[in-house]
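Note that chain A is present in both complexes that follow, paired respectively with chain B and with chain C.
Right, the complex of A and B next:
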């Protein structure tokens, strides 16, 4: 997170911590100019993923010249939007130190709701959307409350939710494709604004992605975002500082299942209505988030890096296809790259952080709290 | 002190007892006997595969890691074992040796990535699982390999109502219990899982238990794959992923009272967790429940059962470890209060991993 700005405007917890960040007593908003901050940011895992995306893009353009066409590029962005949105949703949960394995099941649920509730009537689109968001919120609330108040590990809660939702959806649909939402609704996923200059078409999914990304980036700079990262970094310190841990984390789960809902709405357009739509999204989203330099266990990461991680993953698949790698070997390459990327990231994080984080302990400066903002400083502002 | 006697293991066995009673009542209401030899045999057979995997998963979770690669290891073991055996009795011993060796090597790689490269077990084993899945998908189309008749007897032979394979699983469990309770390695496993930094500062080589746990887990998964080979007669490259053994084994372990963050738990609880699943499945089979609804019941039971004891278990834990620290810190309340409760301090990020999910 871009914590040099660590914001007196932050949460009460963040505020007190920030005042202790500098020994002289004042906190500079940023260290170094914009260029320096970007260059520092790029060597962190959260920044490096943008370099990775750029490199993969160049590699694909070299192997497949068709891809240099802006129209093809924007359609690719449109296709990747659902997974990028899911990754951003997963980010909230992971950065607060939890897991959400129910994502794919939520997507399937929403897709089936869209297919059966909205049906072929345009007039039912708005109530249908409303229902989907209500269901998404409810699932998130259950996940969040069970893992915070009942203290069941979120891995287990969301696993149970996954089993229950998948079972229900399959039971209702009989495991086959049922229902077909109206074309107007499907257009959200596969239509777009026609006649845009250079791009020919601007898919709605790209618009939705841009809105979600902007909102997420803004949200993570708000007190809620700061508190969420702190919750993942050091939950005990946060609860001592007076934040209500359970409510912060519960909201993260709600955001996660709402993101899955949005991804599901977009996927209806692309994939139609089938209970297996979105299968595997939970692991893909977690992989994307981790590829984006977000640390499993929480406390570090930037929401847009998670989205970039999703793009890196999709570009990688595209590159493998362009290179003519057999589809069956793609898993293997994906696995190797995930391990390599995370191993590298683990090294970088520890390398960047250690000197700063350990100094307050060694010298025992009066308030030992600055840990959180100082650590996050390393990621810089991008 | 009296309260602490009611450990999570006791509760898990209580839950198991309740499940058995309910299942027996349901079965009886359908005019059948839950305790009939055939039905017991059914349940014991159902526990064997998941039991073997869950024992290994318990070790991995105890040491603070996770293993998501188990389904692919199971599949790999079944095709590799079947391939070497090729239906010949003479092929059994080489098949066992090679398969377990290959699986052990995969586990060692998992362990090395987790311990050496400091990659979270979730990602490391997700990665190796994908690698294996790619290999399996590219190399094998459809079932391959054939079990020898003598090997198939492992699953077919019964001593009373007890299948041989179940005894094999119990033997592995007993061995694991012995290692955990009686050997230095076992204690190190708990120590590293409980707090890696403290274990390291106490002079443990933290990599060793991690490596051993992952290697054992993959070997046990390999054994499970070989038992599946005995059961099915042929090796199948998708047998593991169809079973969903990765998440189900983790669920069984946590259901058995082992902390997902590591350092606390035991094999006996895990076995009870596996048995709960088996009894539940059996009862739902008797009720002729829709197979999709079974998943719903399973999901709800997992969460509710863990919720029953998760709260009190966790509440009690800090009291044991924190009091001395809190006492020392009292002269300077603000820094003391703001410090993380673990003795790890800022370095704690290295072993935080799932801890935060508590």
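Right, the complex of A and C next:
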């Protein structure tokens, strides 16, 4: 599709979302030299999360010297890969202004498919994987089409999808573990490249994470990515600009459930088949995305910050465990983080945004302005 | 117009997330409170959680029962019991096939699934012999409210001749069980208990304290003082699980074993992470589990970290027995006798025949040791991983296919 990289005149908000635009007022995060851009970037929530990851890592290494071992570190990265991948999937949906609550249920579904379809036959690995991706795509399409074309809020659509899939998984498994699939298949989430210098082992899950991260970063720089952000920031402007909103958002949902599928494949390998595998992933992913500074309601955020958010969250839980805080506090911590992060993000983003009143674009805006007061709209929602 | 739309949408989305998050967290916090809410939970609070479930008297009783003599034929352990008070059932003696109504807590774990199959195969036998006409089952899906409604439905519209209840939780189910008793029909409670003795018979294996003593004593014998044990517990607040840990914790303390306990919700991902983190923070010498579901994930954590296997107690679930044999680790498989699922229907047969039944029907509960492992592995060859070795259905129709194809 031919998505507009920068929205046409008459849509200041869309313009701002399309980060490539530089012909308007100054955006502090996009001016100055590289050094200055990085330092400005780090004070945005999307950049600060990387600082947070570094701080938490140091804190853990201080409390537990064993964690300085590169082998232990890379295994930690490996086991956090599924949640980081899920967070990137959730990012697409959130940045376009929607939610995907069906993620954990998709993971559980894929885990059960892996257990039942692939089973102990190595020859069924490829058809099984194919089936899982087809199922993942189908779920994403249903989520996307129902929330865009049928105009059911995505919150409800994906909640319904979550319940439907959970029921299905319960029906198939009765709620209990079934047999694990063949070790060859599980190797994707459990094994790795042996004998790597320094690290001892390079888990496949780290490789998968790296590929997904690179592909996501690339995708977000493509027209699709920019349209997606614009869709979350100002859907009206986007539809005025002639982009098909429904298709952009539907693809975000497909990407989300495909990410959940990949996370599921890794988790089957890591842990085995159990209907509770992936439980709570939708909220962990949303928390990670928010912690990564992505604004709920859409329109702002960086995909790799979402992955970093997942790492920050897992490191935080690890630190709490190391400090002897009971795991039962996990949910509470997650709840507080999500509230605090949303509150903080709302404040700090304004610092790096284009100054409020100085807007040559607005003055240059044709008649669209009166009926399309996007400026106050975006201010109003915070 | 648009302003409000956007603002409302953003706020709604945020609010809803937070609400759902809160809902999610209260779920796992509330459940134990419900099931443990025995009236004293208010003052018990969070810090003294232990005392709520710990009864030195019960521990003592179960400790003695471990070496008690069981009445009845050893080859039919599901009919064995410890000598004690009996219920006279002569008033129920009557001819004809009876309708049994079964209020089941859930079949959401492999232990309950295995048991439910055994129960259904036992039902077949009793239907063929004309004792039972039909068994109507309602599954409460782990929810107290649902099970209360199920029991009331049976009382009012079930047209039942006898009630079989496997309670979801102890305190919450007590009034409903009492209402069933008030109908004057036989009431059979099994597995988890309730706080009333109105039932005709309460069937259960020795119990959680015995499990905790067996397992913790085994670990203590095979470990040194000061060794570190990771205790993997499914969730807090369920009495049959809390008592296992309460007894084990006491034994560990007595023997100077450093035990750290974690809640896993039987999620293998979480089990593996917990064990991996523990290994990363220092040597782990033993693993204790309050149920064997997920034992394999715990063992895999040691394999993936490339460290020595721990001394470990799992359960008589096939996945653990197989992994135990494969790895050759020092282990014990405690048993929460799955064959108890046969007993309620056999009790129905006895009750309508007017034969007396034990008021509290305590079934044997003997762990599987390394020496016995091979025997149970061979006897259950081809059974799925979620099958329980001491399921006790070898003589029932449909064996072994009914348990194999689930």
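Simple rule for what comes next: the second predicted complex is superposed on the first by the 317 of 382 C-alpha atoms of A that agree within 3 Å, B and C clash if a C-alpha of one lies under 4 Å from a C-alpha of the other, contacts with A are read in each partner's own complex, and residues count from 1 in each chain.
As a convention for this text, contacts are C-beta pairs under 8 Å (C-beta built on N, C-alpha and C of every residue); 3 or more make two chains touch, one makes a residue touch a chain.
Keep in mind the model is a prediction, meaning the values are calculated, not measured.
Trainee: Have a look and say if chain B or chain C is in touch with more residues of chain A.
Mentor: B
Trainee: Quick check on the superposed pair: does A:245 touch chain B, chain C, both, or neither? Answer first, second, both or neither.
Mentor: After superposition on chain A, A:245 lies in contact with neither partner.
Trainee: Please work out whether A:190 is in contact with chain B alone, chain C alone, both, or neither, and reply first, second, both or neither.
Mentor: second
Trainee: State whether A:145 touches chain B only (first), chain C only (second), both chains, or neither.
Mentor: A:145 contacts neither chain B nor chain C.
Trainee: Applying the document's definition of touch, where does A:162 land relative to chain B and chain C: first, second, both, or neither?
Mentor: The answer is first: A:162 touches chain B but not chain C.
Trainee: Thinking of the overlay built on chain A, is A:320 touched by chain B (first), by chain C (second), by both, or by neither?
Mentor: After superposition on chain A, A:320 lies in contact with neither partner.
Trainee: Considering only the touch criterion stated at the top, classify A:64 as touching first (chain B), second (chain C), both, or neither.
Mentor: Only chain C; A:64 stays clear of chain B.
Trainee: Going by the contact rule set out at the top, does A:237 touch chain B (first), chain C (second), both, or neither?
Mentor: The answer is first: A:237 touches chain B but not chain C.
Trainee: Report for A:38: first if it touches chain B alone, second if chain C alone, otherwise both or neither.
Mentor: neither
Trainee: Could you say whether A:272 touches chain B, chain C, both of them, or neither, answering first, second, both or neither?
Mentor: After superposition on chain A, A:272 lies in contact with chain C alone.
Trainee: Residue overlap on chain A between the chain B contact set and the chain C contact set?
Mentor: Looking at chain A, the two contact sets intersect at 97, 99, 101, 155, 170, 175, 236, 283, 286, 296-297, 328, 331-332, 334-335, 338-339, 342.
Trainee: Can you name the residues of chain C that touch chain A in the complex?
Mentor: These residues of chain C touch chain A: 2-3, 6-7, 9-14, 16-18, 20-22, 24-25, 28-29, 106-110, 112-113, 236, 262-263, 265-269, 271-274, 276-277, 280-282, 293-294, 296-297, 300, 304-305, 319, 384-386, 406.
Trainee: Using the touch definition from the top, list the residues of chain A that touch chain B in their complex.
Mentor: These residues of chain A touch chain B: 96-99, 101, 146-147, 150-157, 159-168, 170-171, 175, 232-237, 240-241, 283, 286-287, 290, 295-299, 326, 328-336, 338-339, 342-343, 346-347, 349-350, 353, 357-358, 360-361, 366-369, 371, 375.
Trainee: In their shared complex, at which residues does chain B touch chain A?
Mentor: 113, 117-120, 122-124, 126-135, 137-138, 247, 250-251, 254, 260-261, 290, 292-300, 302-303, 306-307, 310-311, 314, 334-335, 337-341, 345-350, 352-358
Trainee: Give the list of chain A residues in touch with chain C in this complex.
Mentor: Spelled out, the residues of chain A in touch with chain C are 64, 66-67, 72, 75, 79, 97, 99, 101, 155, 170, 174-180, 190, 236, 267, 270-272, 274, 276-280, 283, 286, 296-297, 318, 321-322, 327-328, 331-332, 334-335, 338-339, 342, 372-373, 376-378, 380-382.
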